[in-house]
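The structure follows.
Chains here go by letter, A, B, C, D and E, matching the order in which they are written, and residues are numbered from 1 within each.
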Amino acid sequence: MTGTTTAPERGRPAGGGPSGGRSGSFLGGRRGGLRGRPMLYTSYGADQAIWNTPAKRAWTLALVAVVLMLPFVLSRDLTSLLTTVFIFAIGGIGLNLITGYAGQVSLGHAFFMGLGAYTAAIFGGEATDSVVGLGLDMAIWLPMAGIVPAAVGLLVAPLAARVRGLYLAILTLGLVFIGEHIFKEARSITGGAGVGRAPAEPVLFGLDLRARYHVFGHILSREAVFYFVCFAIFVVMAIAARNLTRSKLGRAFAAVRDRDVAAAVMGVSLQRTKTLAFTISSFYAGIAGALLVLVIGRVTPTNWNLFLSIDFLAVILIGGIATISGSILGAAFVVLMPRLVSELADVVPFISTSPGSGFLSVFQLQTMLFGALIVVFLVLEPRGLYGLWIRVRNYWKAWPFSH
Amino acid sequence: MSELISLGLIRGLGIGSTYALLAVGFVIIYRATGVINFAQPALMILGAYVTSVFATSVGIPFPLAVIAAMAVLALVGLATERVALRPMVGKLPFAAAMVTVGVFIVLFVVAHRLIGAQVRTVGDPWGLERMSVFGIGVAQVDVAKIVISMVAIGAVGLFLARSRLGLAMRATSMDQEVALAQGVNVGRMFGLAWAISAALAALAGMLIGTAAGGFDAVLALVALKALPVIIVGGLDSIKGAVYAGLFIGVAEALTRTYQPQYAPWLGANFDVVVPYVIMIVVLVFRPYGLFGTREVERV
Amino acid sequence: MTAAPLLEVDDLTLRFGGMTAIDQVGFTVDDGELFAIIGPNGAGKTSIFNCLSGVYRPQQGRIRFRGEELLGQRPDHIARRGVARMFQNIELFDNLSVLDNLMLGRHQHLNYGTLSALVYAGRAKRAEIENRRAVEDIIDFLEIEAIRRSLVGMLPYGLKKRVELGRALAMAPQLLLLDEPVAGMNVEETEDMARFILDIRTELGITMIMVEHDMGLVMDIADRVLVLDFGQWISLGPPSAVQNDPAVIKAYLGETA
Amino acid sequence: MLAIENLDVVYEDVILVLKSVTLEVPRGEIVALLGANGAGKTTVLRAITGLLDIHRGSITRGSVTLDGRPIDHLDAPGTVAAGIGQVMEGRRIFTEFTVEENLRIGAHTADRDTIGAGLERAYTLFPVLAERRTQVAGYLSGGEQQMLAMGRALMAQPDYLLLDEPSLGLAPLLVQQMKDLILEINEQGTAVLLVEQNAAMALSVASHGYVLETGKIVMDKSAEALRADDDIREFYLGLADEGAVSFRDVKHYKRRKRWLS
Amino acid sequence: VDDDDGAEDETPEVTEEDDPADEDEPPDEGEADGIAFDIGVTEEPCPEAVNPDNGCIYLGVLSDLSEGPFAALAIPITAGQGAFWQRVNEDGGIGGFDIDIATYTRDTLYDPQEHSARYREIEPNILALAQTLGTEPTEAILSDMDSDDVIGAPATWWSGWHFEDSDQGLILESGYSYCIESQIGLDWAAANVAEPSSVLAVGYPGDYGGDSAAGVEAWAEANDVEFAGWVETAPDAVVGSQDAAIGQVVGSGADVVVLAVGPAEAAAIVGGSIANGFEGQFLGSVPTWNPALLDSPAGEALKAVYLHIAPWEGWEADTAGHEAMRESVGGDLPDNEGFIFGWVWSYPIKAALEAAAANEDLTRAGLRSAVDGLEVDYEGMLPTATFGGDPDETATRTAVINRPDEDAPLGVSTVEADVTGETADAYEYTSACA
């Protein structure tokens, strides 16, 4: 049996590449990625790794280094914005797992995020006259913020697994509306509509994340401290999701998405796979919700509405369906774009920064651009930013032979 | 008893028939193009606005204003389809649905900009007037809603079932390529579906905009009620949209009349979620709604 | 014939609304046999496959596989019992590579849980690599090395059929259902497919049921042939016998067979 | 005459599927187009009927003419109006329509009188359809669906009928009937371009045949000449010199034949 | 897990800092004319300076300026504030500085998330907030404001702003609270319309409707009148129509209904209830009015049975403050009363800036400490107010009763000004009402 395989050329997958590739074994080398032949693998393990080329590894390391540097150079405000990017990326990955990978369009993400935020607030928030709170450590409330929504996802899944396509989309939309009603009514937990409550206390292993710390002679603002924590959580969750998608479950997700009857005949349990997708996605949503309200500063029942769900659909559609890196790009886009627009507003004509004058307000411009970009992206590049990135990459790889 | 009829049944049928109107718009686009049109709420509120402009600012007679507004919105629908949806033909329905979300966002901003922060009135002749039906006092506007919606839906239904264009539209919805091969101009059918649906939305917008305090742009979100309606009725069934719209309207009205008194523990404004609760219950028993066709699962 | 047959179908009846697609059909298939089902369009051949693999729920009847009742079981359970199939209209996962399609066939042989999938180390990693080996064997067997990483959607029809066969083989089945494996193929491609089917039988020893309209192929390679018409059993026997059965000629073959 | 000259077709801007294809369908004749899977037969039909663009394909060179008039710029409705009808691969009837609605939609471009005449013609050609005119088409058997598809294509009274693998998946008996029908339709004055895998059937009705291999026409002969050709006999008709080969005796090695044109 | 998150590895090496001062962002500290300042104050003139020789104090505005539920009010509120500070600048500014609120005006849509994001965006550049609209959004940024030493004027009449517990002494409110408002309104109605036997509250949940309803309930209890309940409703965009509220109003049999909703909703409830045979009186909280309602189908009903409560007098009143306000727009009319709100709400910040300038300390800390004991002169628009004392003594408890009137400038004319009420005066103010 062959121990080595050579992947066909990285461009368009159609047609046959060089076959066999048995010669690879003569070259030895334990790990894949021999110099000069980055696509040659000498073991299945190396072939299946996430960072399977030296270029990918170098890029990733450089990126991580830059991300770790940023809070030292950016303002607190921008640091917070980037923290929001990580949180949106976590939520986006969760939605991409169920909608992108498993093909179950969910408009209910906001509901699960809300559940996460309130679970966190119950376990980690402070009790007041009007709301309950246990004041526990983040090491407890953060996992709980994922587990409880996951459990609710598990409960909802049997019904959700029965309905398909756009029926499911609207069913999950129902969750958002019913959830909002429950959030408004469960006053001892949520504070009620128009009032809300303070989020969980970010105290991790006894360290107060809202304080400032000296690190290597630098002073970290509270925004920076929280930034690092969110980044760490994000990295762990992104890698876990990536692992999931290259495992048998990832393939099962895709199979259920593309042809569910055939998948079942292959031995994939539809019920189990959909349930799993729902549960895991809700876990990610819960974590994202719990972290997001820490950036906002308050949990309110009306926050978890259809528009939040739509933001996350935009994350995965603009970023790229069924890719983890796409979810991250999409999150960056959705979070940073409005800010960019407001920075640019001064130079765009007809846009007013003061109310009541000008053709459109900055916010209206942001919203409109957001809507228009969703349309433009889906029309021009159905694979989203990730697809764009692949195109750019292929262009440079083919250089100087590109036309 | 009269409360039951005037605040429960008639009000419910009134609002329910506007839901049905909106739902039929959703169904027409869904059947022709396989897409759920999330831009419908924005089209609806633009319809209310245009009616208001014609009837109150321009000052033409109200019925003409309504027809003119429907025509304007039909053009908006046509244009939207041509610009944003046509390129999505043959792509994932979910992606196309997301495009309509993008369109919604854009049109909603436009509606906000046009309507402004102040409230407007559509200039309808009914106001808060009441009339007597079989000795029971009911609001004229409720009767108007029922009659106008049902006439409009009936006309559209007849068109789809009987006319050659109707047949071609249905064919388009089943298989675009084959429809093309029969000489059906598929693009034109898509445009037609959007135009009809937008005109119905405009009509619904006018009816919903008759609220005593006038309307503002955010009232558009009321159109989302049509989503549980089309699920209960079945995404591809016009008949279902009508029955479910009326049923949900009445259920909602009865809930708001009696729930605060008899089941206060369900919380304030429980009627808002009633359509969704009904939808979930229906889906438990019928995953394709009451009248929807089951997707054929043949291998 | 030895011991109990591999598959026993009894009194199978399937109705859609008022229409009876399968009407009290019964037959048995022995271990190692290449059994064929033929019949006019709409006779219910594919429907029998759909009942065997759990996609349709027949109203009555019994399907015993190695003595175990399959009727009423979910498709994924039946797959685990060792029944694999090819579909009449190719049902591959177009957005996945050939490799991933075949790995999906190994789904039930990959025994690790969600948590270890999230970590992708130890058990999960080992299982993936072991099963990858099994898949590479099949790639070798079907001579599709060159297209391993191609997206299935981009492949020509003939190769897709072969990949679909590979995916079914990856399941390491005991019973393989082939629904019109050579439909739409020219003579040359048909010959290739025939060769693979024969090799599967001799080298892998897998029992097969084949539905096919290509009489040349059926008569050449099948051991026994069941003929259906309008859901009803009309004939069963070795190819030579069936070929000359007047009922079969009238319903199916026409004067020139 | 329907003529294709030096036609190149490309999918997704990169995949060249037809290379300089030239073929002719004279008025009133039956012409067969043979070829292996993926050779590009369906693509030829799409190029004629203006259905390429929805498959993201385009003509990059050459021309399609109908009686000397170029038609390659027409969209699908345009070609139907120009007198070309087609039966697509895999029947593709409207399963939720009744039989009669299916037929009516075929006459979408025609006027009222034509519809009446068309219905009458379809029901005389296919009596079985007349029996089921109000039934939902999805419940017809495979053969009946194939007939319905042909009837639908005839509704607009085309001068040319394009058939894409009408025998695919049909039982032997039905293949026989299909053959007779094609001849009958042709006798009524409609020219037929018959795309087939089933070379035996195609060559028994056609007067002329083309063989398409990986996008190139490699043979262009009368049907009679094709039937006599050794390569055709071996690779398309499955007949060796001593008659049919048994599949049991096929040797296990690659024997792909490269045609020289 | 094989991750590479260096962030967690660093945590053990950190040491908590004891001094919470803003060492990480050395502000452009400076001194001008002997006045110390740090963040949000520059020696350079404002972008569109009235007095080019002055420095500039930047104030932020976080408001609902386009698509949020209160945009109709918020836009004129912000315009009113603009006019107010323009006047201050034209009078020479404060302590050698002009005041700019335009540069850091942000639209936050009445959304807490947007509010805190925008706050963080402008925080490094502002001295204080000239406006932070909405209770919930303001609460979302309160703890940040606390650690940043940023004070602000609210655009909400929540009772909690009176209390140190709820606002850390950072929020400088003006006028009564909704809770007092409804009590004064009921006191007045009992005296001038008819003694009610049953009162009902209808409102949005939370700081607005909740606060108002708490006042209604307290009033009913104090006067031994039946409290028919609190009907919780929500904007039309959420509940579709006010039919639910109408049904409950009609069914309640109350004599007086206090509304704390939006203008369109108020009109729908009043019109709908009357059409369905309700015969009681409606009192509307400040935000329930919009002049456009007179043209709505409910216009007639409103004129018949609706009275509007306001914390200060309408457009035409005869005080020095009103005079200056009218002058600022040169005879034009604003869209609605929001303009007056914005104008009045600006006085406390002006007073605080003046006090800080007088102390020669325009740093944030200096400004914050100037709040305690601050006296605010409203040029007659409101009684003089004092911050930092016992709310039970210092809270404003006067109101103005208006009625709809087509001929009046903003659709309402004053029925009675400087209204006080027995129950309202006696109300024991120890914590936020709701």
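Everything below uses one rule, namely that a residue touches a chain if its C-beta (ideal position, glycine included) is under 8 Å from a C-beta of that chain, and two chains touch if they have at least 3 such contacts.
Labels paired with UniProt names: A, B = Branched-chain amino acid ABC transporter permease; C, D = ATP-binding cassette domain-containing protein.
It should be emphasised that the depicted structure is a prediction, and the values quoted were computed from it without experimental measurement.
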{"item": "Required minimum of steps from subunit B to subunit E, each step between chains that touch", "value": "1"}
{"item": "Most widely separated chain from subunit B, with each centre as the mean of CA atoms", "value": "C"}
{"item": "Separation of subunit B from subunit D, taking each centre as the mean of its C-alpha atoms, in whole Å", "value": "44"}
{"item": "Gap in Å, rounded to a whole number, between the CA centres of subunit D and subunit C", "value": "30"}
{"item": "Whole-Å separation of chain centres (CA-atom averages), subunit A against subunit E", "value": "38"}
{"item": "Averaged-CA centre spacing for the pair subunit C and subunit B, given as whole angstrom", "value": "48"}
{"item": "Residues of subunit C touching at least two other chains", "value": "55, 87-88, 91, 119"}
{"item": "Per-residue overlap in subunit A, given as positions that touch at least 2 other chains", "value": "12, 14, 184, 240, 261-262, 265, 364, 367"}
{"item": "Sequence positions of subunit D contacting 2 or more other chains", "value": "none"}
{"item": "Touching residues (chain side subunit D, partner subunit C) in the complex", "value": "36-38, 139, 141-143, 165, 168-174, 176, 197, 199, 234-238, 244, 246-248, 250, 252, 254-257"}
{"item": "Contacting residues of subunit E [partner subunit A, same complex]", "value": "1-8, 10-11, 13-17, 20, 23-25, 63, 65-67, 74-76, 78-79, 82, 102, 105, 107, 109, 111-113, 116-117, 120-121, 123-124, 135-136, 139-144, 204-210, 234, 434"}
{"item": "Of subunit A, residues touching subunit B in the complex", "value": "99, 105, 159, 162-167, 169-171, 173-174, 177-178, 181, 184-185, 261-262, 265, 306, 310, 313-314, 317, 321, 359-360, 364, 367-368, 370-375, 378-379, 382"}
{"item": "Contacting residues of subunit C [partner subunit A, same complex]", "value": "53-55, 74-76, 78-80, 84-85, 87, 91-97, 100, 103-108, 110, 112, 114, 117-120, 124-125, 127-129, 132-133, 136-137, 140, 145-151, 154-155, 167, 171"}
{"item": "For the subunit D and subunit B complex, residues of the former touching the latter", "value": "49-51, 54, 75-77, 80-81, 86, 88, 92-97, 101, 104-106, 108-109, 138, 152, 156"}
